[in-house]
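The structures considered in this document are given below.
One chain, chain A, links the two complexes that follow: it is found with chain B in the first and with chain C in the second.
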Partner chain A sequence: MLHVNKIEVAYDRVQVLFGLSLSVNRGEILCLLGRNGAGKTTTLKSIMGLLPLQQGAITLDDEAISGLPAHDRPARGIAYVPQGRRLFSELSVRQNMEVGLMASGAGRETQEYALSLFPRLRERLKQRAETLSGGEQQMLAMARAICTRPEVILLDEPTEGLQPSMTSLIRDVIVEMKGNGVAVVLVEQHVDAVLSVADRVTFVEHGVDAETVDVSVLKEQPEMVKQYLGV
Partner chain B sequence: MSQATRSVLLHSFVIALLVVMFFVLPEYHSGNLARILVLAVFAMGYNVLFGYTGLLSLGHALFFASGMYGLGLSIQFMQASPMLAMIIGLITAVVVSCVIGFLALRTTGVAFMIVTLMFAQAGFLTVLFFGKYTRGDEGFVIQRAQRSMFGFDLSQPFPRYFAALVLFSICLFLIAWLVHSRFGKTLVAIRENEQRARMLGYDVQRHKLVAVIISGTMSGAAGAAYALLFGYAGASFAAVQYSILPLLYVLLGGAGTTIGPLIGTVFMFYLIDISSEYTEAYMLIAGLVLILLTLFAPHGIAGLVRKKLVWLP
Partner chain C sequence: MDFGPYLFVASLEGAITAAVLALTAVGLSIVFGIMRVVNVAHGEFFMLGAVIAWWITSLIAGHPALGFTVALVAAPIIVGVIAVVCNRLVLHKIDYEPERTIVATIGLLYVIQQTTLMTFGPEARPVEAPFNQRIALPWFEFGESGFALTWPWGLSTTTYKLAVIVAAIVILLILWLVMTRTKIGLIMRATQLDQEMAQAHGIAVGRVYALVFGLGAALAALGAVLVVPIQQAHYLMGGDPLLLSFIVVIIGGLGSVLGTVVAAILIGMSDGIISVFFTPTLAKILATLLVAFVLIFKPDGLFGKRRE
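Presenting the complex of A and B:
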């Protein structure tokens, strides 16, 4: 499905990724784990086309997408929910979702599906996004991404700062998307959360993929977490 | 009642009110209102870019002047009919906004403001440089005989007012339609969060360019109408003051609202008109009122109303 092959990426002159590779298949959750500054968010931004590659390639269903501008990638089925949600704060919940729907040309049934995953948003349809709670904003950010009917979704710390009930709801939705055949790339800090949803884990260290293991291996060898995260 | 129905009713009511105003107001004020309607079209054009797309231009005088001189010069030197001259004015504004949009949109934020300002200043100097044709600061008068359209003498108060109202109504409904269209909603998304819109798959640059062209063309239509209805074209309309005015109209009336530009233009026009009756330092009074409004109604007058009537387009 999605293959990232030895990409090198820099912010101006500061190189962040030094030949990172990963792959994720349909109906699979790949989690990126690593210390702050290891290059996890940079990897997601590179996949989304927000940062140019200096070396390497990204392919989706064996088709190179590295040269596509960012605005062309959602049409190929890639959605990105960045850290901090980045909603259209002055627009209502409904309008935020409509922007996602318009982008994909999806109909009302897609919106209904997204609202069925996050019923609380239905009660808030006319409310401005900036007036939502943190958890509701995260729901909306994910609902809007779902409205673009993605085949690959990139989630950057979707449960950061949320209360436990909200965290488990977000996790349930991630698993639901996986069940619908969506490939999920998840950046997450909470190891427990990773163990409960991920299929595979890629440890990112100093801008490279240090090791990729099945989550079952990680459960058997929890010392790996300490080795890469120092916790 | 759906939002679209409410929007049509509101705008129809505004137009009906403006029709009645002509018969109710004394001639001096109905004359003012004709001028205000044309300037409100200018402000509506500006609002497309500033209010809906979030791009602050300081060079809209160039678009206004493009329409004005496109029409004025074609009447003066080609003896074009008012209709043909109007079309030439519009084409001039389209071409100028395409070129300016293409070049200026390579920048963002403050740089965009500076670049648009510089282009407008270059336009102003061009008008002065070709003074042999444009008559520079002095400007030129479009004779009454050259201002008849469809048998109506546009120098007369009645046809002039209703010609201005027709242009205003067309632009108002165009904007109302635009706001509810897919394109208009995308512009608002770009205004709110450009990078997010790009990540959702929108070609932000193309949308911005089309917004500049719509905005510039509407401003140009206002410039052409101004010259035709009031019979004068001069370099002062290409000066920086005419780039600042639509910004003030929109800020006062309510950026990103359909009727805000009209409200802001009426307010600003009469603020200057009335205060200048009492003192020569009328700009001081205007400035003070602007500061108060900015402090207490930062989203403009229509923005204030929208807090109560959230459906206000």
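Presenting the complex of A and C:
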């Protein structure tokens, strides 16, 4: 499905990724774990095309997508839910979702599907995104991405700062997407959340993939978390 | 003429200035709001609109309305296309980097201005209005026998001047509908709010920028075509609209279309009224002072939002 092969990425002159690789298959959840500044967000942005690669390649279904501009990637099935949600704040809930629909050319049934996952958004369709609560904003960020009908979804700390009930809802939606065959790349700080949803975990350290293990291995060897995260 | 009717005439003149200024400044405002480009060459797109309107009307024989109608449609399109080319050749090449775009558009200003001088010459060029009937305006007076309708000598305007005001209102309404009710408007607003997220949701930001730069220039050109039967076309005429547009955009709030329109009405009306009663120079001085006060006390403008 999605293969990231030894990518090197820099912000201006500051190099952040030094040959990072990962792969994720359909219906699989790959979790990226690592300390702050390890390069997790940079990895997601690079896959989305928001940062140019200096070296390496990204392929989707064996087709190179490294050269594609960011705006062509949603049509290839890649969706991105960034850290901090980054909604179109002055647009309504409906309009935010319409931007997602435009990317995929999907119809109302896709919007209805997204609303069925997050019924509370249905009551807020005309409300401006900036007036939503933090949890509702996260729902909308997810719904907007789902409206692009993704085959691969990149989630950057989707449960950050949310109350437990909201965290649980987001987690359920991630599992449902996996069940629908979507490949999920999840950046998450909460190890418990990782253990409950992930299939595999890639530890990111100093801009490279230090180790990739099955989540069952991580459950058996919790000391790995301490080794890579220091917690 | 008494003070009341005189003020009324001055207000009408101000309304024409406000109408044309609103079109021009909204063009500048959307370019800044969506692209974050301070387009110093905006006044030259205004000037190009006027000069091209003169050129088109001079080519078309027959009733003045015929040439003017063609100019009203063709001049903004031509100017819009020129702006899109400038965007591609200049702004795109420097990656829309804010400081460099200021310098680059200063360069564009001189290139467009001097090219116009070399092509069309230094003369002021008149364009005949498509219709221009003078109409007397009534005034109300309270005399010994109560309210009375009078027709003071000199209290008049022309049908064309009234049409300019109506046309500007209609164009701004259409623009508002496009921005708030259409898919392309949604794309432009999403790009304005978060360019990176717009890209991540399939919006080709480069194409949006080209469209917005073209649209901004076309709006300036449209304002110029409307005003050229009143003002005459000249290669140096871009200076005042640029200054006033910047004043309006700063007072209204950078990137706020509503604020721009409100500020255009405020500045345009005061410019017209002060110009009639005193001098146009005093009007510009006062407007510039107002900008200074806005920058000191409300730096984001009347309707602007602080950007993160």
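Quick note on the criterion: the second predicted complex is superposed on the first by the 231 of 231 C-alpha atoms of A that agree within 3 Å, B and C clash if a C-alpha of one lies under 4 Å from a C-alpha of the other, contacts with A are read in each partner's own complex, and residues count from 1 in each chain.
Following the convention adopted for this analysis, a residue touches a chain if its C-beta (ideal position, glycine included) is under 8 Å from a C-beta of that chain, and two chains touch if they have at least 3 such contacts.
Just so we're clear, the structure is a prediction, and the values are computed from it rather than from any experiment.
Once both complexes are superposed on chain A, the partners chain B and chain C clash.
When the shared chain is aligned, no partner comes close enough to touch A:R149: not chain B, not chain C. In the superposed model, A:R200 makes contact with neither chain B nor chain C.
Legend: residue contacts after superposition of the two complexes on their common chain; A:A103 is shown touching both chain B and chain C.
By the touch criterion stated above, A:K126 is placed in contact with chain B alone, chain C being left untouched. Of the two partner chains, both chain B and chain C are touched by A:M48.
Of the residues of chain A, those at positions 48, 50, 70-75, 80, 82, 86-91, 95, 98-100, 102-104, 144, 148 touch chain B in one of the two structures and chain C in the other. Residues 48-50, 69-75, 80, 82, 86-91, 95, 98-100, 102-104, 144, 148 of chain A touch chain C in their complex.
In the complex of the two chains, the chain A residues touching chain B come out as 48, 50, 70-75, 80, 82, 86-91, 95, 98-100, 102-104, 126, 144, 148.
Taken in their complex, chain B has these residues touching chain A: 182, 185-186, 188-189, 192-193, 195-204, 310. Those residues of chain C whose C-beta lies close enough to touch chain A in the complex are 183, 186-187, 189-190, 193-194, 196-205.
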